[in-house]
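Labels run A, B, C, D, E, F, G and H following the written order; every chain starts at residue 1.
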Amino acid sequence: MKKPQVGIVMGSDSDNPIMEETCKVLERFGVNYEKLVSSAHRSPERTRKYVAGAKKRGIKVLVAGAGGAAHLAGVMAAESILPVIGIPIPSTPLQGLDSLLSTAQMPGGVPVAAMAVGSAGARNAGILAVQILALGDASLTAKLLKYKKDQAREVELKSRKLNAANGRNPKN
Amino acid sequence: MKKPQVGIVMGSDSDNPIMEETCKVLERFGVNYEKLVSSAHRSPERTRKYVAGAKKRGIKVLVAGAGGAAHLAGVMAAESILPVIGIPIPSTPLQGLDSLLSTAQMPGGVPVAAMAVGSAGARNAGILAVQILALGDASLTAKLLKYKKDQAREVELKSRKLNAANGRNPKN
Amino acid sequence: MKKPQVGIVMGSDSDNPIMEETCKVLERFGVNYEKLVSSAHRSPERTRKYVAGAKKRGIKVLVAGAGGAAHLAGVMAAESILPVIGIPIPSTPLQGLDSLLSTAQMPGGVPVAAMAVGSAGARNAGILAVQILALGDASLTAKLLKYKKDQAREVELKSRKLNAANGRNPKN
Amino acid sequence: MKKPQVGIVMGSDSDNPIMEETCKVLERFGVNYEKLVSSAHRSPERTRKYVAGAKKRGIKVLVAGAGGAAHLAGVMAAESILPVIGIPIPSTPLQGLDSLLSTAQMPGGVPVAAMAVGSAGARNAGILAVQILALGDASLTAKLLKYKKDQAREVELKSRKLNAANGRNPKN
Amino acid sequence: MKKPQVGIVMGSDSDNPIMEETCKVLERFGVNYEKLVSSAHRSPERTRKYVAGAKKRGIKVLVAGAGGAAHLAGVMAAESILPVIGIPIPSTPLQGLDSLLSTAQMPGGVPVAAMAVGSAGARNAGILAVQILALGDASLTAKLLKYKKDQAREVELKSRKLNAANGRNPKN
Amino acid sequence: MKKPQVGIVMGSDSDNPIMEETCKVLERFGVNYEKLVSSAHRSPERTRKYVAGAKKRGIKVLVAGAGGAAHLAGVMAAESILPVIGIPIPSTPLQGLDSLLSTAQMPGGVPVAAMAVGSAGARNAGILAVQILALGDASLTAKLLKYKKDQAREVELKSRKLNAANGRNPKN
Amino acid sequence: MKKPQVGIVMGSDSDNPIMEETCKVLERFGVNYEKLVSSAHRSPERTRKYVAGAKKRGIKVLVAGAGGAAHLAGVMAAESILPVIGIPIPSTPLQGLDSLLSTAQMPGGVPVAAMAVGSAGARNAGILAVQILALGDASLTAKLLKYKKDQAREVELKSRKLNAANGRNPKN
Amino acid sequence: MKKPQVGIVMGSDSDNPIMEETCKVLERFGVNYEKLVSSAHRSPERTRKYVAGAKKRGIKVLVAGAGGAAHLAGVMAAESILPVIGIPIPSTPLQGLDSLLSTAQMPGGVPVAAMAVGSAGARNAGILAVQILALGDASLTAKLLKYKKDQAREVELKSRKLNAANGRNPKN
């Protein structure tokens, strides 16, 4: 079996339903990944060790999902030169504004690629990881081009279905 | 000379003018401290080493000032069982809302004592540190009681001065 | 029975489910506490009297939970030189942004240690209180060190359990 | 000289330039007032004593201006059954969102009449105080009616002046 | 039957459950009121006519509840010299931040007394109206003093009940 | 059958329940429309082609509903000189603040007429479209005048019904 | 001279520098307009009278600029069936978030076309007005098409100029 | 000369001072880039053509900087399968909250890697681009490792310098 190329870390196992969106995308593109729970705050050493060893074991892109004062992506970015993608999880009463700002507002010198809050962001983390890997893998490029086309066609089909169901012009 | 009891860390040397407010308070109370620049993101190992050694060297309270996705206090709290006080620095165009949320919204298990954004918060970090140390130091308790009285009297004096200057009742 | 060392005040009895998180932590660490309902606005004299007598009766740390224009922690801090920890309760339609700002944005001179909004903050208030008490109690220090280790291990176990349940590498 | 009917309290003497807007309005309407600096946090006893004695000394409306975690109006409302008007002062990097929420989001049972952030709010505090006093003073009612008319006419005059200056229809 | 002294207007009949909190308070204090639905935007003339006639018919305080771009209180204040109390209703997906800002941020010259968002604000609108009327009605003053005491006692009783139920010190 | 004059585009078929509010209004006014699903991001070419052909086919007003980083209205405005009305859909955990800012904060040169977040905005998009079309269609003007009157009367009826149900003055 | 087709109202003469952006656009397109200062709150009757007479005098589009609790556009929309465009002016310490929400969050039934906060919004109000008028005026359509092309070309020229100045590829 | 690997687009030439931060980083790492001004809204065709041709001409990473309703990055991501990095520019009175949400809150299917608001974000866009390119370029990997070390050392030096200047322990 191929070695994982993407390392997905989430701050709490309660983030898993959202993080599964990232997994689904990677599976669809046939990209191997590994996933673990590790907190920037509650298990900092585990997080650090994982990140420290990631590059050597073949990981090329790191993905981190965390809520509240979401430091996980930033902490991973501090320890690695791999691209780090951060997904703000809406797990507090502030509904993700806190996690978005904690993920995106990184200081100069240590980038995190912030995604949207929640499931849409988790899905996009998978796609961005594939886009990055595709720069060195022509088969992924082809799959991405097809994905983009399929996505556009799917919108069109849904539109026609909706109009048909509503008794409106089924060509739109 | 007495060993420092408070360890002050700031994420960038540009945070120093604000962090000096913490120093001034500690000096007023005669509490020794040490201060250094160390970033959660740009110098994570330095930050970790400092925190790891702090307790043994006699540090009892940690103070962290950082802006933007302000992870410094959280990263220090992850590595220590000492009380950690966090000061959100308003150093980005979002003016401190980002640093406040990144400092305050810590997950359960790893507390950070968040102060107000900016100078008022830095000053209060010093006072809170003294309040914590005063639990084991009766002379600090006496100083705090005096400080509280002085502070109230100062308000009164300013009020009278203002009224006098405005030609209003100088007793108010 | 030992005297309480932590005084927990909540602005309304409806805040109790959240404030129980503070109690649970203190009980786990064997720290005695007392808890009462008292509002900064509806029972100001009761609040003041409680705070005025707290230090003499052996209270070392005050914890306040309140929602909306959450003044309780600030009012208590105004009347005491004990460390005051504030928990913003998300009890209004603004979901805690109001209580967070009302708790954290204290003016220079009167600190409140603001926690995260809601349950995570309440849990952390308990831990911070223990961290403060541990400065004068070696047995609490030992318990905190163990708590930190247990917490890290728990993350690891949850991670493996999750991966096992998902048919992925159970070592992660 | 007539006794003051309005008691104006500000949390800091640095709030005075804004609070002068309240004074100007009251002077225009010939309403006597007294003004003092007293902080909810730094001089709580002074604040309380002032409020406790206000009603007996003839004060009918209380006005409070404060910034940040602006508790002053709420603390005064807790101690009095007089109407309390609160002016959020934009004195922190969060520019008044904190003081507005801390002033307006009072719990049920203890109202504060929140004004706009800053100078406009201070001016309106004066007018609202006059409106309240006018319920028992016909001469103030007459002055308010005139003030409202003058205000409307002033808008009209400014409009014509602006159009004239711009070479546009001077009737608009 | 006594003439109503308070005029309550809500922008939509869907605001009624919240506005009933104002009514309950007024009924408790024996203050007569009238209540109507009238929108600043959908029935501007009705709103204006109501406000124009209010003073003559004996109304002394106006209360307005509205959501979203909550203009109702401001529109009423533009047409009257009576004190106008505004209650921001959380009726849009923005959950009341919009209605609070639209109610509180009035320009200089036309005050609105903004309450908290939602039910707490509606309850406080009633109390503030009573506080204003009490300036000219000694019996209301007595009732307000009793209300304040009852409120404080109620907090105390709830506290003891809670502690008793939890097996903790029933004196707190 | 008359050609459609309004073109309604939504970014996702899940926005349809909200967008139906626009349709209902247009149907009430007898204005023909066409509706389709097309995303600014997932089907950019389809969106562009639709907009490019709209004017020639007789469309006079474009309506776009989208959530999150709601670019749809802006993208359509970039490609057309027809008036574009944008409806921010509250489809992310940030509840529409993101879609409102993404819709309203257009740069100088390319206007979008932003409506309120959600259903109220969708309804108003329909009315604004009719108001624009009415400038060239006297029958629509007449209908709008009647709509405005009906709307005011409906408020009045609801008010009386509410008061009657509550045993209060049924004339209000 | 041609009669004005656009009526521009601003709440305060201090809004004029921003509102001049609307004028400049209309002048560029040769569209006649009239401009006046009239406040929703300080001169409600003047505002109402202006709006009531606007349609008869040939006005086809209304533009309103206001800050804070920006009710002006909404009040005008309540009184007219003409399209109303609202420009949120950033005139308070909250920097336009208040005026944006007060302008955009209109209830169902009474639309306001909200523009961006400040100058960009004022400029776009002019363009949107022209787009609406162009539906019945082919010469404006032609001008809008040219404006759109010029705008695109201007971007290209600025890009080349910038690259040339920076010594980079002057074709980009 | 080597072909550019990074394509930098900014929505307005006024964004250039911030975008220069991206350029500086790329130059430091010896990565070729091209930079142009092109707006999502004012020059959509130019933007599209640029993006459509980018991949063929060897561009591997796209960077977009835009303010307000910052659609540029999203529009580019819609047209390409290359990784797109978005920098929110704080160019409106809302100071970048609008551009951050417009950049980050992308719908599922079309990722944008959002950076921090302003200069820090622009600098990080450059570093992230290098991190992505380094996956296929060992010399960039080496440079990144050195950059990370230099960055940490620079923090340490600044700290010592600051302490020395303040007469404090120059080892910290």
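Throughout what follows, a residue touches a chain if its C-beta (ideal position, glycine included) is under 8 Å from a C-beta of that chain, and two chains touch if they have at least 3 such contacts.
None of these values were measured; they are calculated from a predicted model.
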Chains in simultaneous contact with chain D and chain E: C, G
Topological distance between chain E and chain H, in contact steps: 2
Centroid comparison with chain H (C-alpha atoms), farthest chain: E
Superposition rotation for chain D onto chain G, Cα-based, multiple of 5°: 90
Whole-Å gap between the CA centroids of chain B and chain G: 47
Computed distance of Cα centres, chain D from chain A, in Å: 51
Geometric centre distance via CA averages, chain D-chain C, whole Å: 36
Interface hub residues of chain A, defined as touching at least two other chains: 12, 39, 42, 44, 68-69, 92, 94-95, 97, 100, 104-107, 109-110, 112, 116-117, 120, 151
Contact pairs between chains, per stated definition: A-B, A-C, A-F, A-H, B-C, B-D, B-H, C-D, C-E, D-E, D-G, E-F, E-G, F-G, F-H, G-H
Partner chain A, residues of chain C touching it in the complex: 90, 95-97, 100, 116-118, 120, 151-152, 154-156, 158-159, 161-163, 166, 168-169, 172
Of chain G, residues touching chain F in the complex: 21, 60, 81-83, 85, 100, 104-117, 119-120, 123-125, 127-128, 131-136, 141, 144-145, 148, 151
Residues of chain E touching chain G in the complex: 11-12, 39-42, 44, 67-69, 71, 74-75, 77-79, 92, 94, 97-99, 101-107, 109-110, 112
Of chain A, residues touching chain C in the complex: 12-13, 16, 34-39, 42-46, 68-69, 92-95
